[in-house]
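Below, chain A partners chain B and then partners chain C, in two separate complexes.
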Partner chain A sequence: MEAKYDFERKYREQILQCSRCGFCQSVCPVYGATLRPALNARGKMLLLKEVMDGKIELGKELIDSLFQCTTCASCANNCPSGVNVPEIIKQVRKDMVNIGSCHPAFAGMNEVLQKSTNIYAEDELPDFDRKRDQKAAYVYFIGCVGAYREDEATEGALDLLDRLSVDYTLISEVCCSGVLEDVGYSLNPKLASQNLERIFATGAKTVITGCPYCYRTFTHRQEYDELRKRGITVLHISQFLKDLDFGVTTDKKVTYHDPCDLGRHCGIYEEPRATIRKIAPDFVEMQHHHADSLCCGAGGGVRGAYAKNSLAMARRRLKEAEDTGAEILLTECNSCVHNLANAKLRKQNIKIYNTTAFINELMTKKVRNK
Partner chain B sequence: MDEKLKNGLIGIVGAENYSEDLIDMVSYSYDASQHSARPLCVVWPQNAEQVSRLMVFANETHVPVIPRGAGTGLSGMAVPIKGGIVLDLSHMNKILMISIEDRLVIVEPGVVYANLEKGLAAYGFFFPPDPASGKVSTLGGNVATNAGGVKGAKYGTTRDYVLALQVVLPDGRVMRTGSRAMKSVSGYDLTRLFVGSEGTLGVVTEITLKINPRPTATSTASATFGNLEDAGRAVSQIMHSGIIPSVLEILGKETILAINKNTDLNLPEVEAMLLAETDGYTKGETEYQMAKVTEVFARNNALEIKQAKSDEEAINLWKARKSAYAVLARIKTHFVLEDVTVPMGKVADLLKGIEAISRKHDIQIATFGHAGDGNLHPQILYDGYNPEDVKKMEAASADLFALAISLHGTLTGEHGIGLSKAPFMTLEHDPAAMNVMRSLKRMFDPNNILNPGKMALDDAGGPASEPGIHG
Partner chain C sequence: MEIQGYTLPDELYYEENHYWVKEEGDLLVMGMDDFAQKMAGEIVFVQLPEEGKELTAGKKFAKIESGKWLGKVFAPVNGELAAVNEELETNPGLINSDCYGKGWIYKIKPSDKGEVANLIHGKEAVEKWVLAEIEKYAKE
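Right, the complex of A and B next:
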């Protein structure tokens, strides 16, 4: 029988390899928040198997399972049968978009990024009282969430770079649009070339991203190959900071949340910890950390499309943070900060920061106390 | 979907705990076996009272009810072969009490094994029967299947730890069995009747389990062998050497190859490998036992004997072992994982017989398992889309069962009968025993609404249900 969809052509063997052992159920954040096995990786693979067997149609009825995945990759990381679920999900979402069975929130995101320069369809890029598109050694690329939603976190990061006298510039950035690949569409090459032009114009040899997803896109996607060809290094801010000294410490207990895009997807676990250990001698890990870290629930388009479950996932993660007894929860991703902060209840005292903003706060206090 | 049925169910559990969505119906069609069948709907009850009302309702309307935990079973017992309502108990997941003083815990059926382990670790206690799926399997499922695990030889199976149950009977009555006392001979042992009953007699809604103090020291060693027989002989000699290892596992060559593909353990690619763990409270104690074990290894032509140098090394070995069956899915996309069990003295015969069956039917059978209690896991690998292969698999399965029974063993040591082994029940149980089991089922469940079609209980005689749908 001829394969009807690309997901089958590319991943048939892998989907059939799923042995239904269910090990993914113990790590899937969507299952953890809902206890609904149809939303777990095994449930998704079973749907695709039945589509391939001709038992069900790849139609709208499958949207709530196949579009409800944060692509956090915990399942793939724990799959003894070697099934790379996030890649399969990304492909099947494209197939569903092709046949017109797409979650409206995902279609909306694509529409926005065809017309606008950012995922929020905002008209004006905030400049954070800084000049843009200057000649400099470094470009600081903020990312949509940091630019339009988590401005405090971004101000903290920029102030920190100023304190450290880093020769950087902001650019008239547009969305890296990598997220479109996760939600059934394709990266927008027009947006990519705008970013590239503006980066090249600064003469910078290094791009520092505040967003792990932008980092992932710049380093993994061919539309950004030109960066590598021109010898431009891309760093996530946590990699840039790891060798620096800040001269401040906190006596508060601190824990750290690994963003999926930085950790499981890019293998960056130790750089953030190296920095945190310098400023927070009382550092503790949560129950799930490094490659076993629990997703905050924001990724893969789930925050927009399934807000209630997305927040439930964030609440589970916050609970783990609180269980450590930490007063401060640090992370390295504006999207994680955003979702975790939204999920925080008033009675919860834990404070959530990006590491950069927290260091900046410590340095500000030190200056004030002098 | 019948509106009356739907409204009745929603009236009991609420609309948010009811679904007939296609995505749920597909996911509840399967467990970890090769069987599948669609249910009508699923409900997620929140407490025993709801379960009781659901059973009253189902009993009146004669709709099948299939209790389900994590769906990690390997013989199709949670597959709704006659349709009906899936009763997913995973929302009832509270640890109700941990009493170290009384050496017991009381849990709801949806508590995941690993979560109980975590809860007990703080007290230095554990619940020994740890199925390979323990990260996901629920204790309700473990009770329904009498789950075993790698520690069976020394610590027994789930059955040996269940002190008391709360059960909802098919007519909705709520019954308590057993007590919190460590021993009891008060009346028939109803508790044990429900352990391993595969959800055919009642729905377990509360479980009281005995727990053990966790030994603080372990030693781990592995030995390689040039043939399966040497390994099999070593196993039975260890078990009568006066030492009972806490774990004694065997891995056949196919399994070793698959594990090497999945991990960076680089196991030696030999015909057979034994993994042993001894436990106790001092290193001296565990080393003394391990010395006896390795002595037996050496006497039986072990090629290489290695002791794990670190905890990490040992943990990795066990992790690899526990992933064995899923790892084997990388070789062929379909498999049947058997769990035939024989008396300890017959392990070598069973291993030899499995090899012969594999040759006879020209089909790949990977073997591993709990050698220490005679429970092996021959995993038959085949292509479910190839009818020839399916036939071979079925013939090999039948031969395996006949072999186990001829060695005075059993069809299943820990996975249960479900759908897969239902046609073979009469091979092991004589007509009188079958008759008693069927009478019991009729007494508890006269309308045959609880997990019908399983364990060959439905019919008066002969093989009961068709082997399931493959593919």
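Right, the complex of A and C next:
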């Protein structure tokens, strides 16, 4: 019988490879927050097998399972059968969009990125009191969350670049739109072209991204191939900073949250730690770290569509951070900062920073104390 | 008072970004009005700054977020933050379910209580303002 959907055509074998062992259950952030087996990777694979067998229809009743996945890849990382669940989920979502069974928040995100330049449909890109679109050696690409939601983190990153005398410029950036691939749609090539034109106009040979997802999009998506063809290097800011010396340290206990987009999806684990060890001699790992890190719950469109569960995932991660006894929780992703900070309760004393903003704060204090 | 499906109690004072204010002893209680909570949709996060924070009338002092909307909260009067509704930390949806009751957000100790007179108040003024707001947002 011919496959009805693309997910089956592409991933039938993988779905059948799921041995239902349940290793994914213990690491799935959605399961951890909801304790619902239908929502972990195994549950999703079982549902898809039923669809392939013609026992259930791919339709609106499956939205809350198949759209409630942060695509954090923790399941894939722990799957002994090698099932790449996030890729399967992304394809299923596209199939569901094609048959008109999409979560309204995901459909809204696509609608916004067909009309607007950013995921929040904000009218004006903040300039952070800096000139944009200048000639420079580096472009600093902020990303939507950093530009429109975590302005203090972005100010910290930009101030740090200024302190380090980096020859950079901001550009009139638009959303990289990579997220659309996760939520059932396709990257918007018009937005990609605008970013490319603006990067090329600066003459920069390196793009530094503040956002792990933008880094992932620029380095992995064909719509941004022209960057590679022109010999333009793309770095996440943690890679850019790893060899630099800041001349400051903190005596506070510090821990680090690996963003899924930087860690599991791009394999960048040691660069952020190299920097943190320089500035924080009392650095401790959480129970789950590196490839086993727990997701903060913000990815895959889940923060927008399932905010309560997304924040519950962030609270689990914060608990792990607190259990280390750390006073400072650092991460390298504005989206993680946003979700973790939103989830933090007033009685919790741990402070959450993007590493760049934290270094900048230490350097600011050092200057003031002189 | 009911204006085109939005409830706006007559006795309250309104700040132009759709936050209501009412007197409670020496303090002012503040929350989001029905128009704003309906426009925003499900509220998912309310920033609750530390008590004692100084507030300057018209200046931003907190953020409120629904799924894809970020609202800034502006101080309706000069003063300091006296209390916050901690229930909103884990149940921000109270703003949607009961915006004038259990969904209150902040209590403010005003420098001069008389400053509430600068806010929108009274049936006629509120009606005129809300009708203009409905028209404004209908165009967007």
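In this text, the second predicted complex is superposed on the first by the 370 of 370 C-alpha atoms of A that agree within 3 Å, B and C clash if a C-alpha of one lies under 4 Å from a C-alpha of the other, contacts with A are read in each partner's own complex, and residues count from 1 in each chain.
Keep this in mind: a contact is a pair of C-beta atoms (placed from the backbone, for glycine too) under 8 Å apart; a residue touches a chain by one contact, two chains touch by 3 or more.
Worth saying up front: this structure is predicted, and the values here are computed from it rather than measured.
Asker: Would chain B and chain C fit next to each other on chain A once aligned, or clash?
Answerer: Once both complexes are aligned on chain A, chain B and chain C fit side by side.
Asker: Determine, under the contact definition given at the top, whether A:82 touches first (chain B), second (chain C), both, or neither.
Answerer: first
Asker: To the nearest 10 degrees, give me the chain B-chain A-chain C angle using C-alpha centres.
Answerer: 110
Asker: By residue count, is chain A touched more by chain B or by chain C?
Answerer: B
Asker: What is the contact status of A:151 with respect to chain B (first) and chain C (second): first, second, both, or neither?
Answerer: Neither chain B nor chain C is touched by A:151.
Asker: Please work out whether A:133 is in contact with chain B alone, chain C alone, both, or neither, and reply first, second, both or neither.
Answerer: After superposition on chain A, A:133 lies in contact with neither partner.
Asker: In the superposed arrangement, which partner chain does A:105 touch: chain B (first), chain C (second), both, or neither?
Answerer: It touches chain C, and chain B stays clear.
Asker: After superposition on the shared chain, which partner residues are touched by A:327: those of chain B (first), chain C (second), both, or neither?
Answerer: In the superposed model, A:327 contacts neither chain B nor chain C.
Asker: So, A:61: does it touch chain B (first), chain C (second), both, or neither?
Answerer: A:61 sits against chain B, while chain C stays out of touch.
Asker: Once chain A of both complexes is superposed, is A:361 in touch with chain B (first), chain C (second), both, or neither?
Answerer: After superposition on chain A, A:361 lies in contact with neither partner.
Asker: Would you give the minimum C-alpha distance from chain B to chain C, in Å, for the three-chain superposition?
Answerer: 16
Asker: So chain A touches chain B in one structure and chain C in the other; where do those two contact lists coincide?
Answerer: Shared contact residues on chain A: none.
Asker: Quick one: in the complex, what on chain B touches chain A?
Answerer: 21-24, 26-32, 44, 70-72, 88, 90-91, 93, 112, 114, 133, 135-137, 262, 323, 325-330, 333-335, 471
Asker: Report the residues of chain A in contact with chain C in the complex, numbered from low to high.
Answerer: 105, 108-109, 112, 119-121, 148-149, 304-305, 307-308, 311, 342, 345-346
Asker: Under the definition above, what is the set of chain A residues touching chain B in their complex?
Answerer: So the residues of chain A in touch with chain B come to 13, 16-23, 25-26, 35-40, 42-43, 46-47, 50, 53, 56, 61-62, 64-65, 79-82.
Asker: Contact residues on chain C for chain A in the complex?
Answerer: So the residues of chain C in touch with chain A come to 42, 44-45, 48, 50, 65, 67-70, 84, 86, 89-90.
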